[in-house]
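Residue numbering begins at 1 within each chain, and the chains themselves are lettered A, B, C and D in the order written.
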């Protein structure tokens, strides 16, 4: 997956504190936990647009992950506060792509970056075109 | 929760290899992971009786956890093989209790023990009496 | 484990948003995740006393969990905001006990409660008496 | 990341049973859990070569993940048995890349595929050239 040169707007910033349970025997944030944290940032992004993802699902649209990717640049440790940025980088007919950056509290050092591609499906799991209301919603400024 | 003096039969033994993702910065199996592993042993116990828990749910009976408990005696580390025993210690009208032991590969050292109490509910989440077929099923020898 | 009638002070309240990754196929917060959330609340409690747990460890004192317990009263779902309270209920010579409550945002409904007992050990894992500075620290008002 | 046309040999196959704790509210294996399962398959691959990863670390070589990637093709559900294949696709001076496939029990349907790139570092976290013994070890037939 490729990462955009300029981070897309609108964006959302999640503050996350690394817990003990997220670390591993190397003493650092375990690599799978980044995808959990990306999901938290994605949830915040959607909520800040004006409607939580739970409501998106209640309207009959699900966004299962079709692809995920993460580049680990600098490890995080227990009790570190990390800042996670999320935005949408690409819309397709029946899918969309989020990108993520994790930074230190001063937001001047990149710790990790990643992306997730989501299909747009109905409750039966069938691909559907991204509805206009969803596109409009996710494009809103906070 | 109290632990029985003699481990109840029938029982099931799960072999589990500690993964890196299950360890924490202390270098040991993280305390919440024991509940995941208990769940795996419980699933094996049920499957060995002759019907997986997925089928129990398909028949309309769910067994949500109402209480869980674990005593950590000796830590496990990455790549350790641990042996997890599971059995049912108590039946009530609308609930049942499982107990668990975790041992080393020689099964002569107790690493942890625990218990979980489960309500018996229908798909709407309402408590129902334990059905006879479930009681008969879970009491079967392997 | 028994739960105190009056919640001990000082206490700390953690706000936690249930993520998708914390839910299970029943659609609710998975039972092992409560122990992760208790750990987050415990970490906040310690930080609010004036020194993070990372620094406690850096001073040579580790507090591994010896026993954990949780009673699940009412399930939480994706995107729910839950309020987690943490305090210390008991001091022993070489151990201490935390208790936890999880409530709804109005804090008028109890969703879960639990407890963890921690040994006090040095870097070699040997039990040591709770140091005076730790007892003083953890007893401080925020 | 690109995926090879022919799966590299030697390889290892891990059998994995999807637990309840690995599923999410969509009723499927949560996307971050794939990285845990890849790690289990990688650990098996290394163990089958003749020396567990714990021993590799004890010899002073750590292999932290620098990049991870997964493509989700078909969801897995509670109690599904999945077969996870792991092999090494690329060696660089100070890094190596693993690839993974997840298949159904008949191994005729691809459920997911992925890859991880690992730096080769010493205990101080400094990049070091891949030692000959490691390269020889990981290339061994089972």
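Here is the rule we use: a contact is a pair of C-beta atoms (placed from the backbone, for glycine too) under 8 Å apart; a residue touches a chain by one contact, two chains touch by 3 or more.
Since the structure is predicted, the reported quantities are computational estimates derived from the model, not experimental observations.
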Any chain that touches subunit D and subunit C: A, B
Most distant chain from subunit B by Cα centroid: A
Selected pair, greater C-beta contact count between A-B and B-D: B-D
Averaged-CA centre spacing for the pair subunit C and subunit B, given as whole angstrom: 24
Interchain centroid distance [CA atoms averaged], subunit B/subunit D, Å: 28
Centroid spacing, where centroids are CA-atom means, of subunit A and subunit B in whole angstrom: 34
Multi-partner residues of subunit D (at least 2 other chains): 20-21, 26, 28, 32, 35-36, 39, 77-78
Arrangement of touching chains [line / ring / star / complete / other]: complete
Parts of subunit A lying in touch with subunit B, wherever the complex brings them together: 20-21, 23-28, 30, 32, 77-78
Of subunit C, residues touching subunit B in the complex: 1, 26, 28, 31-33, 35-36, 39, 62, 64-72, 75, 116
Of subunit C, residues touching subunit A in the complex: 17, 19-21, 35-36, 39-40, 43, 47, 52-54, 77-79
